[in-house]
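Down below are the structures I want you to see.
Okay, so chain A shows up in both of these, paired with chain B first and chain C after.
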Partner chain A sequence: MAEKIMINSLVPPTWNRLKVNETYVELPGAFSSAIEENLTEADAGKWKIETGCGKELSDYLENAGVKPVLANVRSGILNMIKPVYKEDSADIICIDIPENETVNILTDLTSDESTKATAVFQILIKAGNNSVVNLTQVIRPGKGLKLINDIGSEISGKAQVNLVQIFTDGSDINAGYRAELSGDDSFAGCRIGLIRSNGETLDMNYVMKHFAPRSKSEISVSGALSTGAKKIFRGTIDFVKGCAGADGTENESVLILDDTVINKTVPLILCTEENVAGSHGASIGKPAEDMLYYMMSRGIDKEKALRILERAALESAVSHIEDQTALEYVMNIINENEDNE
Partner chain B sequence: MSQEILKVENLCVKVLDKEILKGLDLVIGEGETHVIMGPNGAGKSTLGNTLMGKSEYEVTSGKITFLGEDLLEMKTDERARKGLFMSFQNPIEVPGVRLSEFIRNSCDALGNKMSLWNFKKAAAEQMKVLNMDPKYLDRELNVGFSGGEKKKAEILQLLMLKPRLAILDETDSGLDVDAVRTVSEGVKAYHEQVGGALLIITHSTRILESLKVDKVHVVADGHVVAEGDRSLVDEINESGFEKYIKA
Partner chain C sequence: MSEEKTIVDDINRSVYDVIDKENSATRLEEGLNEDIIRRISEEKDDPDWMREFRLNCLKIYNELEVPQWGPGIEGLDMSHISTYVRPKTDMKNSWDDVPEDIKNTFERLGIPEAERASLAGVGAQYDSELVYHNVMKEVEEQGVVYTDFESALKGEYSDMVREHFMKLLVPTDHKFNALHGAVWSGGSFVYVPKGVKVSIPLQSYFRLNAKGAGQFEHTLIIVDEGADLHFIEGCSAPKYNVANLHSGCVELFVSKNAKLRYSTIENWSKNMYNLNSKRAIVEENARMEWVSGSFGSHTSYLYPSTILKGDNSTMEYTGITFAGEGQNLDTGMKVMHVGKNTSSVVNTKSIAKSGGVSTTRTSVQVMPGAKGAKSVVSCESLMVDNISRSDTIPVMDIRTDDADIGHEASIGSIPDDAVFYMMSRGMSEEDARALIVSGFADNVSRELPMEYAAEMNNLIRLEMKGSIG
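Up next, the complex of A and B:
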């Protein structure tokens, strides 16, 4: 039976009137899997990793009988994960990277326009000492798919998790990411490029939790919103006592392309450790008239100029993709989208 | 005079309710080089931006005809597609958009679609004229560029877009002697390669040294107060604008 649960809750909550403290989503009572490959079931007890969408979602999936599975990923290749969405589905993919390994992973979350369903796609990452996980996600659900994309990671000493997410037009999306920087000198990078239009919602909750000394996190969001799009970005950097020398930054740059959009940004820096550096910055607004005038003075019409700026917002995130094959894959999708417009 | 391409008649322009141009007249023929000189605040840049169609410049009366059509009826991008170009005094930074992407999109918009290979080849050739490293093509448009680099990027666009009439708005301002020489070489190359007309707005004369100037117009207090050949530039160099301001 379908149930409404709370996800993306802000810690700590702020004024209720801002309506950003949490989000409620309705989930079906039963799920199938959208992963066609047969994957080995993971030991659920060992994969209790907190995610950005939060505990209530993880508990719900567990109660609904969704089992975590181990992804077959290896070094030296681009590991592709592409669910096939046909009905209500939920998948929990566990990625366990041993010490000193580097892996590149690409997930493409898309669906046919005819698919009417709710999908939960959860990734849990354990990055061993000195390992590198480059995770690129293209998130472009078709119009009938309500998607929850949720990630949790535990990052050990000197390990890096580099997440790049590209959200293109499609349907409503809830997204979460929580990185636990538990190893000394660990790093979590999170680069997000987004385009939202036609009344679509993107509700995000990203938490960088610094437990370890000299751990570092960087969140950057660049995007463009138009025609009734609604976006909430909650970005929390949480410095826990003991993480001396830690450094966390978050930056957001969002172009508002018309007056019909709603953009809410909630940057939070929580701190119980003195010796840390945390910063956030946001640049949100309409493209400057001077910028459009300059572009138009070269013969580019206003609509095309805005499309160029949208693309630039996506490319700002794309430029952080380490793996060449993943980069080409993402650029192809961006080019296809542009050709279709 | 060669065939007329631009005719400005009795142009009056307001910016934020302040009248800047007060009945300015100007005629430019195909392939000619005209220079607009004048003291600060005379209305030189207002003329450039009005020709290009910047929205906050309100034309209260007068007429502008470009290649036989009413320029005031066209939006900025339409003016550019018709063959008008302006090198900006302060080129705008556009984060995230590479110089190559910007110029290629502009070429496309002007009907000159090129394959990536041909575009890079053409751009590399023009960048040689300007002593520009081709790596600049991969940099974000004007972001972190020095003053000289920005002006070179403007002239590179001029060379790639090949307009019928190019307005150079204080292109030499803020540049050192070497940079002015390079930019000047680029402008000369445009004139030789394209044979287009130039409207050079300046209050200095260094950029004019290697160019053949057909006519000089002195603008003060919103209208043309003197016109002449190149010798007028030398006269202004010697005596300044004082007598025109008084006039």
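Up next, the complex of A and C:
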């Protein structure tokens, strides 16, 4: 039976009237899997990793009988994960990276326009000491797919998890990411490029939890909103006592292209450790007049100039993609979208 | 430099902690019910509409939930708070006429001296009522009205008061606005006529002496077109081992082309629950300035809010919060851009030490029609040790394309190299750290009249003396 559950909770919460403390989603009672490959079931007890969308979602999936599976990922290649969405589905993909290994993963979350369904796509990552995980996600569900994209990671000593997410036009999306920086000198990078329009919503909750000394996190969001789009970005840097020397930064740059959009930004910095450096910067508003003027004086009409700025917002995140094949894949999608427009 | 940290107990804040023997004329029993509300209303000889307003607020209070998003206020039990304590004196216009014990308290706090040196008018509230009120003759002659709230409610300005009272801070906003509406007592009414510029500040000082009592003063300021005012608010209380409550309301109406600066140095005792509400509405081409220093109280909820209603209206907020041992201070500000070409500049600093919790909570809302809105928010936090907590919780809600919104926040510690440098020049570590913190707070002290800046720096020194780290 369908049930409404709370996800993307802001901890600690703030004024209720701002309507940013949490969001509610309706989930079906049963799910199929959208992964066509046969993957080995993971030991659920060993994969209790907190995610950005939160415990209520993980518990719901567990109660609905969704089993975590181990992804087959290898070093030296681009590991592609592309679910095929046809009906209500939920998948929990576990990615276990041993010490000193580097893996590149690309997930493409898309669906046919005809698909009417709800999908939960959850990735759980354990990054062993000194390992590197480069995870690129293209998130572009078709109009009928309500998508929850949720990630949790545990990052060991000197390990890195580099997440790049590209949200292009599509349906309503809820997204979460939580990185637990539990190893000394660990790193979590999170680069997000987003375009939202035509009344689409994007509800995000990203948490960087610094437990270990000298751990470092970087979140950057760049995007453009137009024609009734609604976006909430919650970004939390949490310095837990004991993470001396930790460093966390958040940056957001959002272009608002018309008067019909709602952009909410909630960048928290929480701190119980003395010796840390945390910072946040945001720039939200219309495109700079002088930049538009310059482009128009070179013969580019205003519409085209705005499309260029939208693309630049995505490319700011794309530029962080390490793997060349993944980069080309993402750029092809961006180019295709542009051609279609 | 040693990595070991030494934590020393906070020092005595004797000036603020002196307890006068309670010598009240009336002290209503603890708790909150209709009978108590009716008796407060009788004590104050309210007009009928106000009595009904109070009773309605009580109903709203009983219907609303305690906020769940802020610091816990489980230690505050309204059934143990006396909401009305009338001191054994009526309001005087000369310090000489104020009873000796009360006068001594204000003398110790430096209020009469400040009045002589730098103020155009003073109101001094002791528990639930004003005991002293005076305004300079020159200011009175300009047509400025500065009076206790009860006189305004029944006098020449009663219609104006009724028109504005709790219209900005409506009782349904939250539980403690409703509480205030039910039990308010004391406070000030200020009206600055069109075009009048009051060059010297007015001040209200609130002292809560009674143990286990609440103070619920109401401040209503109307600055008419083209007028200009600086109003200063100070507050303190001695420390008791039971909870005290302060739930004042400040409503500020800044008319077209007017300017209002509202400065607060809050130094409540560390058993105080400070659940205060302040809101300003700013008309066309007008300007609102907030200067806020929060040092005291056990738990604070304090977020002065501004509605930039008029085109080209502006707001500037400068605030510092200093949370020490046993304190949980949740402070910040809210601004809503409604008119066209409005702007807000916000600069907050917070310091947490000796296990204190400081939370900076802000919201910037830009409504759909607020074309040309500009907002810059800067939140800086300083962690003095690793047994404290400092959180920054900003929200930006932007609903127009024609806006330019910037936000920056940072958190850090006192740099060891700066302390080392000062120590190498002969300073003690304690003095070096206090100096760095004073420098951190410099943007606030620069905005205050000199006497108040000195008081604030003194408070910082007092707070820092306890922590060598």
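One rule holds in what follows: the second predicted complex is superposed on the first by the 341 of 341 C-alpha atoms of A that agree within 3 Å, B and C clash if a C-alpha of one lies under 4 Å from a C-alpha of the other, contacts with A are read in each partner's own complex, and residues count from 1 in each chain.
Definition applied: contacts are C-beta pairs under 8 Å (C-beta built on N, C-alpha and C of every residue); 3 or more make two chains touch, one makes a residue touch a chain.
Here the structure is a predicted model, which is why all the values come from computation and not from measurement.
Room for both chain B and chain C is found when the two structures are superposed via chain A, with no clash between them.
Once the two complexes are laid over each other on the shared chain, residue contacts for A:Thr201 go to neither chain B nor chain C. When the shared chain is aligned, chain C comes close enough to touch A:Val261, but chain B does not. In the superposition on chain A, contact of A:Ser222 is made with chain B only, not with chain C. In the superposed pair of complexes, A:Ser32 makes contact with neither chain B nor chain C.
Shared-chain residue A:Glu315: touches chain B; no touch with chain C.
Once the two structures are overlaid, the count of chain A residues touched is higher for C than for its counterpart among chain B and chain C. Of the two partner chains, chain C is the only one touched by A:Asn21; chain B is not.
Centred on chain A, the angle reaching out to chain B and chain C in the chain A superposition, using CA centres, is 80 degrees in steps of 10. For the overlaid pair of complexes, the smallest distance between C-alpha atoms of chain B and those of chain C rounds to 15 Å.
Listed in rising order, the residues of chain A touching chain B in the complex are 222, 253, 288-291, 293-302, 304, 308-309, 312-313, 315-316. On chain B, the positions that touch chain A within their shared complex are 52, 54-55, 75-77, 79-81, 85-86, 88, 91-92, 94-97, 101-103, 105-106, 109-110, 157, 161. Listed in rising order, the residues of chain C touching chain A in the complex are 68-69, 334, 359, 361, 363, 365, 368, 381, 383-386, 388-413. Within the complex formed with chain C, the residues of chain A that make contact are 12-16, 18, 20-21, 239, 241, 244, 254, 256-259, 261-286.
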